[in-house]
Amino acid sequence: MGAPPTRLRPVSFERGFQRSAEGSCLVTFGGTRVLCSASFTEGVPRWKKGSGEGWVTAEYAMLPRATHTRNDRESVRGKIGGRTMEISRLIGRSLRAIVDVKALGENTIVLDCDVLDADGGTRTAAITGAYVALADAVAYGRAQGFIKPGRSPLTGSVSAISVGIIDGTPMLDLPYVEDVRAETDMNVVMTGDGGFVEVQGTAEGKPFSKTELDALLALATAGNAEATRLQNAALDATDGPVR
Amino acid sequence: MGAPPTRLRPVSFERGFQRSAEGSCLVTFGGTRVLCSASFTEGVPRWKKGSGEGWVTAEYAMLPRATHTRNDRESVRGKIGGRTMEISRLIGRSLRAIVDVKALGENTIVLDCDVLDADGGTRTAAITGAYVALADAVAYGRAQGFIKPGRSPLTGSVSAISVGIIDGTPMLDLPYVEDVRAETDMNVVMTGDGGFVEVQGTAEGKPFSKTELDALLALATAGNAEATRLQNAALDATDGPVR
Amino acid sequence: MGAPPTRLRPVSFERGFQRSAEGSCLVTFGGTRVLCSASFTEGVPRWKKGSGEGWVTAEYAMLPRATHTRNDRESVRGKIGGRTMEISRLIGRSLRAIVDVKALGENTIVLDCDVLDADGGTRTAAITGAYVALADAVAYGRAQGFIKPGRSPLTGSVSAISVGIIDGTPMLDLPYVEDVRAETDMNVVMTGDGGFVEVQGTAEGKPFSKTELDALLALATAGNAEATRLQNAALDATDGPVR
Amino acid sequence: MGAPPTRLRPVSFERGFQRSAEGSCLVTFGGTRVLCSASFTEGVPRWKKGSGEGWVTAEYAMLPRATHTRNDRESVRGKIGGRTMEISRLIGRSLRAIVDVKALGENTIVLDCDVLDADGGTRTAAITGAYVALADAVAYGRAQGFIKPGRSPLTGSVSAISVGIIDGTPMLDLPYVEDVRAETDMNVVMTGDGGFVEVQGTAEGKPFSKTELDALLALATAGNAEATRLQNAALDATDGPVR
Amino acid sequence: MGAPPTRLRPVSFERGFQRSAEGSCLVTFGGTRVLCSASFTEGVPRWKKGSGEGWVTAEYAMLPRATHTRNDRESVRGKIGGRTMEISRLIGRSLRAIVDVKALGENTIVLDCDVLDADGGTRTAAITGAYVALADAVAYGRAQGFIKPGRSPLTGSVSAISVGIIDGTPMLDLPYVEDVRAETDMNVVMTGDGGFVEVQGTAEGKPFSKTELDALLALATAGNAEATRLQNAALDATDGPVR
Amino acid sequence: MGAPPTRLRPVSFERGFQRSAEGSCLVTFGGTRVLCSASFTEGVPRWKKGSGEGWVTAEYAMLPRATHTRNDRESVRGKIGGRTMEISRLIGRSLRAIVDVKALGENTIVLDCDVLDADGGTRTAAITGAYVALADAVAYGRAQGFIKPGRSPLTGSVSAISVGIIDGTPMLDLPYVEDVRAETDMNVVMTGDGGFVEVQGTAEGKPFSKTELDALLALATAGNAEATRLQNAALDATDGPVR
């Protein structure tokens, strides 16, 4: 049952999904779907004014019924949970890793990643989809002249993938039913040219060894290479978003 | 520019959009898209326990980039705005108007209406789509045996439509650019057999007369009849949701 | 039992009730009493600065023991309920309908409507009393020279009344014990010259027909005419507030 | 200007002001008016269940326009300020000082003290008025049989008064304009038979001496004796509240 | 058992405890330990800008396990309790009583008093320790030139002590086990030269008499004199904080 | 300047620091000091009742003046920041990795980690110190008989260390001034016998390579071995906490 251990689940990117956004992408990894939108605005938060630099940040959330049973809305509860904050921060850091804020100039891009369907790997899908939305928002900013001509604010691409150890076997891109069984769970964020941006590995049951860690990283490196190829293909498609 | 005054914008219902929900429907009215999902759970809130009656409630929200410029998340602000609460309450009341809580038994159905794209009439689209999701959730509850055999908990159908007066002319189902110009704005919730469930008319500029009110109600009655026909067609389709 | 169907309950306006306010009125509709005060301040919120226009807004609340059993304070709960927000917004919209913000100039008037005793129709009593407080605050602003001489910022008067259908009979200005029995509940806000500002009708039980709606609107029109007469009498009284 | 130094401002108690409450009193001290209501309910908070003891607590608040300029609502700000909490706690402690919780039995009385007009001494007026409301609520509880026959839950009466030093002279029951000038501000809560329940003295400018403290306490003792006399007169009146 | 009635528990001041603060002092009164730190910053809150005056404020809190059983964090609960606010306000007022805000100039000093171990008298220990931290922060401000040369912003010293009546006997500086038994509890804040800054006496059981009040004040006066002597000794020590 | 690259800063553990706690330890890593206390209570949260299993959780916070400039209290802001939540969750997960909840039985241990002085590596110091507090709390639970005799609830020990790359060189246990310069920042949580519990590596500037990751992990492994040795020495000391 589930995905074979060393291949990604079916992945797709539907650009321009949310029609008002400067960049928008509905990303699918198997049964997981995340709506990633990038809002481009001129200007920066007060604490960055006059710095000549831009700002990129992200917010992650789940729709109440993305999961098997309904989750209460965080807006109704009146506060954001730790998991949500942690993932929002991770997405923001991951995207900033490939943004040259000087080249972006005093512009702000906010990435909103809303999980429509959660079947494992929502945070890594969010990062991978958010990059596509970001690329479209940057293209918009350049086309509109908000970003100065010259070198791109994007220094490369970024993607992420989850890996885990199940019954002693390292596996790639786990759906939810397998994810909860994993002894070790790892999220690996990488640039398109193979550098590590973020490595977060957690032993759910017993501790993991350096050998296991190496096997997981190798698998994640392969998975991210494939994700990068698919991102590029989506961005190269001639039927890109028209606004 | 905009929709002709007496016809609905293109309407569609995509059932089963959110795959985990007992009932789910992506409803489209022109440029407005709302994801409506119905979560069916056994049991009722504490204050209804032992009453033999069920409970139906609703929550409405907008994704940050459903609109032309980004809105802050209410979860981040830490409180829900008045508009959101008002619409959530309206949706809940509207659906309860066609639910027989005795026949529903001690079960709860929560409707989540999340606006993906906002181009006017989001609250009326939400009600119209939520009915379709509700119908699927009720069918689920009956098929699973959570709802007792016998008469349906649904006493009819419900839909809603917005109408407004622009430059003195009553118009139906306004997109956002026209909605903001309307002198009077009215939302009309009706049952499938033509009864009024809720009438909310507001003079945005100068007060309106009884004659204008009558013209708006006539237009809304025609619009709701059409919406009812489209709801029924969607629910009759052989390609309904499979869980 | 209760009020006859087509007459208002005993109504009174006690101007100058809260001695510090620029306008203040304790309004009574039968067993319902609402303290309405209008605070006049020079200047407008930041988002209106430089517009040359004024701002009018309202807040509604109930004292904990206005009702038969005590309600928790919203300040203690740490958030405002949906019903409170909805009514605050309704009062603000209703009063803005008769205010010419250009003539008001860059001044702000905040209406506070605090229910001392709740016996049905608190929101309509609040609107009706708030108009009297508003008129006194506008008079204060003109007398003090904060509002420029010339045309009045008030384009007319506004009042509101609740109507409902009980046992099939349309009735006017229902006390609480009847209100909870009503099959249809409607709040109608009108200008002094008979225009509709807001119509909010809700079927509590079964849907209502156009015929019933028309009967309710006729009743509300008569009730608002009477409320207007009483407002004017109160404002014409020689024992108006002295500050 | 202002009150003579050794006499209370005009004091009155209007019992039964809020018609739904088991005890209610609009207390006036000069320009200060506080609506004090006592809500009697059977049962106690969970942490007192089975103790055989009752519970008495209090909440204090100001209406937004009780003061010369409008204060934001604490419900809108989403949190209660330190001053409000401090006064609420003081009122609760003061009343509990004359309540025999064993004799009260497992019943709860909540005192709500809402300031309608604030002209100095609102917290002491609140305590003094709350006692009258409490006495009526206790009488209600005894008449209804919720409190067992036998000794009264009230072991005496309680009142409070503010005193201050102005230009070196100790003064009683200061209105707001004098209160803000006071070098030392003291609130003194006493039982009807002259015992001290709470003494809170604060040097606003320079520290005060033991001699000054003694003079203030003597003044407060006289003021509380007068307040006690007036409370008793109000409670003895034949036109007490009828429910 | 416990401290003799007329002597302070062992008292110590460890200056420079928190190494980043401009002034810091770990104060010990028997089993009670409070970390008091003073943060000196140039500038004042917006509402004091241009006044030429400085600002001194305080915040008090307890670590979760300062007490015998763990208390929930107020940050986790999302709001600050009444007791915490009340004590924070008391500490701020007490320190401002000996600060000449004109001489301080437009600088702000924030006192943080965090209770590490609570064994009675935490608020009075906090005031007494905060004075030492404040003195060091003022010395820092003068040494750095943020405070103009000339007269000191400190007009004197301040200390506080708790007293209570146990079994009819007035006692000084009670540890927790005795504090909870006290019939009357009083906190007395005094200047180093014997003036009263704040007197807060509360009858926990039966009311107290003027005679008892006088005895408690005499005891508190002696205790504060001793606390003043110990503060001065700590500040005179050659091993003062080095930054 | 700063610590040599491959050695820990001076480390110490002061057990029994907070006298009321079942386990308590003031841990020092160079200029960083964290007060870690473990509260042992019988019983578990509702959702674990009847499971036969215990519960271990953690909360992390910084005192306002632990840092070079003062931070606002999260209790005053009314919500907990993302960083605080993230670290609290990390500490809880790390300690649960070495706890056998079955052997713990239905008991709860809450770890409070309050940073007194922050000079880099506060989260890793917190984990390392919390283990010592946890061990003492477990010993308390066994001594008191709350934990059944038999196998220990601790399956091993846990410690954590931060590593980073500065100017291309992997370095161990960085103080704050170096931490902010690091190109890559990694926190590594390990068991006493060398298994990985959590690996969190973040590229602050340019991405890192597998070679760099390996070097950092080797350094962290050595650092954790030393931290483990020091934890054991502290726990073996004869001057352990006496309650």
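We call the chains A, B, C, D, E and F, going by the order they appear; numbering starts again at 1 in every chain.
Here is the rule we use: a residue touches a chain if its C-beta (ideal position, glycine included) is under 8 Å from a C-beta of that chain, and two chains touch if they have at least 3 such contacts.
This one's a predicted model, so the numbers in the text were calculated from it and none came from an experiment.
With steps allowed only between chains in touch, the distance from chain A over to chain F comes to 1.
Each chain gets a centre from the mean of its Cα atoms; the one farthest from the centre of chain D is A. Centre-to-centre separation between chain A and chain E, using Cα means, comes to 51 Å.
Chain C and chain D have Cα centroids separated by 32 Å.
Multi-chain contact residues of chain F (touching two or more other chains): 78-79. Taken chain by chain, the contacts form a single closed ring in which each chain touches exactly two others. With the ring opened at chain D and read toward chain E, the chains come in the order D, E, F, A, B, C. Those residues of chain F that touch chain E in the shared complex are 18-21, 24, 31, 35, 37, 39, 41, 59, 61, 63-70, 73-80, 84, 110, 112, 114, 116-118.
Within the complex formed with chain E, the residues of chain D that make contact are 79, 81-83, 85-86, 88-89, 93, 97, 190-191, 195-203, 206-210, 213, 217.
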